[in-house]
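See the structures that follow.
Okay, so chain A shows up in both of these, paired with chain B first and chain C after.
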Partner chain A sequence: MSWTMIDTWIVVAGVLSAVSCALVGNYLVLRRMSMMGDAISHAVLPGLAVAFLLTNSRGSAAMFVGAAVVGVLTAVLTQWIHGLGRVDSSASMGVVFTVLFALGLILIVRGADSVDLDPGCVLYGAIELVPLDTVDLWVAGEVPRAVVTLAGMFVVDTLFVMFFYKELKISAFDGQLATTLGINAKVMHYGLMTLVAATSVAAFESVGSILVIAMLIVPGAAASLLTDRLGVMVAFSLLIAVLCAVLGHVAAITVPVWFGYPATNTAGMMAVVAGVIFAGAAVGAPRHGALSKAIHRAVLSVRIAQEDILGMLYRLEELGGGRGSSGAVAGVLRRALGVGPIVAGLAVWRLTRTGQVQRTDGRYVLTGAGRADAQGLVRAHRLWETYLVKHLNLRADHVHEPATRLEHITDSAMQERLSDRTGRPRLDPQGKRIPPGSPEDDADGR
Partner chain B sequence: MRLWFAVVVWLWVLPGSAWAARSLTDSTVGWPGADQLVRVLTLRDYNTRVVVIGTTLLGVASGVIGTFMLLRKRALVGDALSHATLPGIAGAFIVMVHWGGDGKFLPGLLAGAVVSSVLGIGCILAIRNFTRLKEDVALGVVLSVFFGCGVSLLGVIQSMRQGNAAGLESFIYGKTASMLASDAWMIGGAAGVVAVTCALLFKEFSLLCFDEGFAASRGWPAIGLDVAMTGLVVAVTVIGLQAVGLILIIALLIIPPAAARFWTDHLLSMVCVSAGIGGASGLVGAGLSALVPRLPAGAVIVMVAAVLFVLSLVLGPSRGVLVRVMGHRRLGRKIGRQHLMRAMYERMETLGSVPAGGGSGAENRSVSWDGLLGARSWSPQALGRLLKSGGRAGLIREAGGDRYCLTQAGLIEATRVMRNHRLWELFLITRADIAPSHVDRDADQIEHVLGHSMVEELELLLRDRYPQLVVPPSPHTLNGGGA
Partner chain C sequence: MNERDAHNKAEAGTAADGQGAAGSSRGGQLTSGMVKPTVATGDEHPRNAPLSIHDMTVAYHRKPVLWDVDFDAPQGKLIGIIGPNGAGKSTLIKAVLDLVPKASGRVLIYGKPYRKQRGLVGYVPQRESVDWDFPVNALDVVAMGLYGRIGWCRPVGRGHKRAALEALDRVGMADYAGRQISQLSGGQQQRVFLARALVQDAQLYFMDEPFAGVDAATEQAIVVLLQELRSVGKTVLVVHHDLQTVAEYFDHLLLLNMRIVATGPTSEVFTRENLHKTYGGRLTLLDEAAQAIASKGVGR
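On to the complex of A and B.
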């Protein structure tokens, strides 16, 4: 991999377009309007074409204005068809942007195809060509034109978000609250749409329209999985956008080489990297990730299995009539619990490690500490059974299931209250003895 | 009739010589001559015939399956799906070239498209079900990431020495004009499969559209049906890539059903109308692009569909804008007239000139323009309009000197409206415990929509108060009273 000044400028342009898009994209994600980014970035095609046909030049300013106007028009028309025709809002969006795209295609093919206004260029972008078109800035020397445009766009986006941070936040989460607080939600909506359109257009040149959508949506979506705070989410999304751009270019010039091909399209690789980062966030996010949820569930099921084992061993002792007299072999335990071998194995391993259960002659029996804990569980179970029969009028043979579920979330304070409400019973509805919760109870109970 | 037939026959046998001689660089619109028009309309050219038939069938198929997607509020799934085909197409090309085959072997490319769009659907479902993100984000993420992946694979393909990559991009924009007979057959086959499946599973699909939970609770295999429906969308999308391109097949899946929704509230008719609109767009669009040089057929088809959509939006008898605007205006006129009737009656009441029992003699009890103007907050223009339309309807007569009076028919109508108004006021006072000074505004809104049975019920409820009167006296002081 050889890195030149050209690569640096490509990465700078990529980073700038990615962060500009990601900044406004956060609010699209929060407002559940992600597809509006898609619609706007397809629909600006006729704006580009008309601007080109009117001015007959590829000058940035005219194209920019034309595209931004059509971008806002997309938002307005979508809202209009949705309201006037009572069409589902996603369908009205689909109608508007496909028609505008078709119109743009016709305009380009009929009017402008003798010159270089290639729809493919709008779709894929040409980030590799960015360093070739430079302007002379007297402070920094020769700088690519796209970098100047994108830097300007990023400054505008940042100022807008900083200036209207509070308003954007409230209207993103609760438009009606915003209205009652005197914030004009409509103005915020169309202001945001204008900014999305302008940013998309500015970024087209370098990353192309589809990858504008990737940069609008994916960083914000990944960041929203990582945090619950808006400020942190914005910061994360910018970080992810920078990562996408840098790693995207590196991947574009290295990955195909591994398979014996020359470098590929940077913009495409940026989207792929964004997808990989998103997948990483979806799986590995600390609170909302699939992995952490799975681990949380697994830990919970092991804890429940542990408590079930304790309860079962206690009941076996009751039946067997003496301490340490019976116990059970591992296979019996597992079959009775009805859980998988891994969960059962982990549960038994943890119980032995904490010294609640010990293994003697191939059978598992309760230790003193284990017996105390098991007693609490069985007490909770039987108190719940009593409570359910007494106060909820359930039949005595119907209370075992709910009590089995409730016993795992009942602490000793709760047990005392249950005991008080059921009149400190000594036997449960099936006539089994309710274990005492404290020494006084014990003395009282004997 | 016979003359028209003769003209058609004459044009049929006339060979179009200007047809082929058009310059490629000609950028004027170049409206076609009549002979060309007829050549296209009668499908004389083999190429035109194939293209027109193919796009029409595609329009029908996408119109049918699109209806179900629209009703399930999944219109944009087609969008994500069609973008997700690109990496499959590019990947299949690379794989086929790698194994020394022809990179553009169509079934191979389409198989790749199917695989990657199914993968895309899987990702959408996974994001929607296993993260807290919503459908729109799932669609956007899958669409952009898959397309980006496809673009980078295309980048690889462009730099490959072996294999001719030219033409792969036609999947994005479509290459309708160069459609082959085999393509048309394939589209026809897909359309047939879609139509037959939808016909066989019509009841199940409609259940799925309106109440998925109910379908599942009644033991229907909701997931299987969902898979079948999505599978049909995949089929139509992949086949349609060839005809109108990746981006514009979305339009054919969304616009015809959205337009059909304006015409009917009945699912079967909606499917038929949607299929008709889709077919018509394909037919007219492909025909137009055959007639006029350098019009991309895919885009023209979408524009035709857009025109049909706008027509439906305006004219549709079920939800069209025109129907609703006219309904509003009719209601507004009715309300305005009833307000006028009531204002005149109340005015006469204040002046003590209401004939007891609504009998004759009302003709000479007139009320003044100024008195009416003060009765409600209406502008002189609005009042003038209402008086004029009341006069046309034979309810009001001009009594000369800016004074108006009710005719016999007008008095009956005014009595009825007044009675409804007062009955509702009394109901609000006696049953809802609202102060007499607050009931006028409420009754003002409800009096126009009180039906016959409602009035009877009110009479029954209030029969112990003022049983003998046609119009009960007002429970509150009348506006402008005594003036």
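On to the complex of A and C.
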């Protein structure tokens, strides 16, 4: 690939669009109103059109005012329709922004048809054209106009988030408390909406409204999966935004070439990269990722299978009338557990490794240590059954299921309390012996 | 009616006048608990009561939720707000704190309108009212109680964090300061909320169901904390659901079911008859009138 000054300006514009959107977008994600970004970035269109028709120029200032006014109007109208009752907030948002967007389209097509404010450009953006429209910046020479605008927008967004960091935080977390402390959550809300609208407009020209929505939401959403601290989340979101822009452009000019096609649209590729990064975060995030959750679940189900095997072998010994006299083959264990072969295999393997179970003549039997553990589990199970029958008045044939779940989370201290509560019973509701918790109990029990 | 309004205005005037002096000596009065609770009769409100609600009505979509509430909180007491679901208990607190609009009525905090007395009032919202997946830890949440005092655009300083940590320590949660809030149990979350209220160092507290869904240890810890607050002269209003513990926890009660059924010392008003009136489901004439108005309002 050949990198030119044009590529540099495209990337700079892309990065500035992405970080500006991501910065304010974090707060949309946190307030669970991500769709507001979608709504506002579409709804500003009539604001742009009216500003254009009134001033007859594409001067940035008028556009920003128009967009900001309509952006706030979107938020106000959505709130108002929702406040009427019977229309939920996403439905009212849908009503408001589609109507405003359509109105904007009509205004553009009817009133501003002859000039280059075309709807296609609003949707897809024209980041490739950014380097062509330059202004002569006194200090830095010729700089693309969009880059100047976006840099200004990023500075404004950064100052807003820096100065109102704690106000934004408390308004997003607990608006009622904020209001009682004299921090008007509504003012912060509409301030944020104004910035979302202005940022959308600034980024529109370069990357188009679809990518604006992606950059408002995706970096914040991905970052929220990666951390539990707000400051870190904001920092990550900015990093992700930068990655999207840089990798997006590099991918746009390289990937299609590998397959013999000409370079493709940078804005589109940025959104694709954002999607890939989000997918990576969703799968691989340390605590909230799908992978770590799956591992956590698997570990838990193996542990439960281990305990179930211990309990089962203990009951087999009871039925068989003696220690080591019975046991089970692996297949029977697995069918009785009702778990998959991998979970069952892992459970048996771990039990053997910890020395709770040993294999003799192809059958698995409890060791001394395993028997002690199994006894605790069975004791917990039967105490729970007794408790549920005695104190919650459940029928004796309805308590097995809940007791099966509860036995896995009952330690010996809790067993003692259960035993005390139920009058230190020796038999459970089905008439089975409740194993003793300690040797002294055993002496009492007999 | 006009006569009554005129009387109220006159009274509001004197209450506000009297506040200047009372305001300056406020600290002394509050900590020593010198202000004598006066039982309100009719429109006579005691001056400088921690909370004085006069003739307050609140409606959602023209349906009245609170009807003509008249209440004076005695100084330095634990006050239970008791009533069935939908009785307007939370709404009462929110209306006092200007979180929901009042259709009519006047609220004074230590003799002055609430917006001038924000610093004196602490609020513990219902635990379900916030998003516990929010990326903050326990210490951050407690520090939020200081945001009003820190002021706009200023960061949370080291001293503020220390104060927040002390408050967490008071509720036995110092070890969990760095824990993300979704990793806390319901009882621990409630304690964090209480620590946040403590750090506000208010004189008058409103707590919306602090006992809801907490474990026995937390309930006990909250009770001890409430008693501590009372012993240093704070006034606490608590929305409470468990009738079993009402007599044990509270000095004073406000029995509410859209309108006030009874208020007074627990020993006097916590009676079978009052409870029956509060929870009994039988509409009194006044409620029937309110219902009729509500249905007309909806029909319009």
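In this section, the second predicted complex is superposed on the first by the 385 of 446 C-alpha atoms of A that agree within 3 Å, B and C clash if a C-alpha of one lies under 4 Å from a C-alpha of the other, contacts with A are read in each partner's own complex, and residues count from 1 in each chain.
Criterion: a contact is a pair of C-beta atoms (placed from the backbone, for glycine too) under 8 Å apart; a residue touches a chain by one contact, two chains touch by 3 or more.
Because the structure is a prediction, the values reported are computed rather than measured.
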**Message:** Going by the contact rule set out at the top, does A:42 touch chain B (first), chain C (second), both, or neither?
**Reply:** first
**Message:** Looking at A:71 after the superposition, I want to know if it touches chain B, chain C, both of them or none. Which is it: first, second, both, neither?
**Reply:** neither
**Asked** Does the superposition put A:282 against chain B (first), chain C (second), both, or neither?
**Response** first
**Message:** For A:219 in the superposed arrangement: first (chain B), second (chain C), both or neither?
**Reply:** neither
**Asked** A:32 contacts which: chain B (first), chain C (second), both, neither?
**Response** both
**Request:** On the superposed three-chain arrangement, identify whether chain B or chain C touches more chain A residues.
**Result:** B
**Asked** Does chain B (first) or chain C (second) touch A:262, or do both, or does neither?
**Response** first
**Message:** Once chain A of both complexes is superposed, is A:170 in touch with chain B (first), chain C (second), both, or neither?
**Reply:** second
**Message:** Let me test your reading of the model: by the given contact rule, A:85 touches which partner, first (chain B), second (chain C), both or neither?
**Reply:** both
**Fill in**
Footprint intersection on chain A (chain B / chain C) at 32, 85, 224
**Complete:** The chain B residues in contact with chain A across the complex are 25, 27, 29, 70, 73, 75-76, 78-79, 83, 127, 130-134, 136-137, 139-141, 143-156, 159-160, 169, 172-173, 247-248, 250-251, 254-255, 257-258, 261-262, 294-296, 298-300, 302-303, 305-306, 309, 313, 319, 321
**Request:** Using the touch rule from the top, collect the residues of chain A that touch chain C in their complex.
**Result:** 30, 32, 85, 163-167, 169-170, 172-174, 176-183, 224, 227-230, 232-233
**Complete:** Touching chain B in the complex, chain A uses residues 29, 32-35, 37-38, 42, 81, 84-88, 90-95, 98-99, 101-103, 105-106, 109-111, 113-114, 119-120, 123-124, 208, 210-211, 213-214, 216-218, 221, 224-225, 252, 256, 261-265, 267-272, 274-275, 278, 282, 288, 290
**Complete:** In the complex, chain C touches chain A at residues 61, 94, 97-99, 118, 121, 123, 125, 129-131, 134-137, 140-141, 144-145, 147-148, 150, 152-153, 155-156, 180, 182, 196, 200
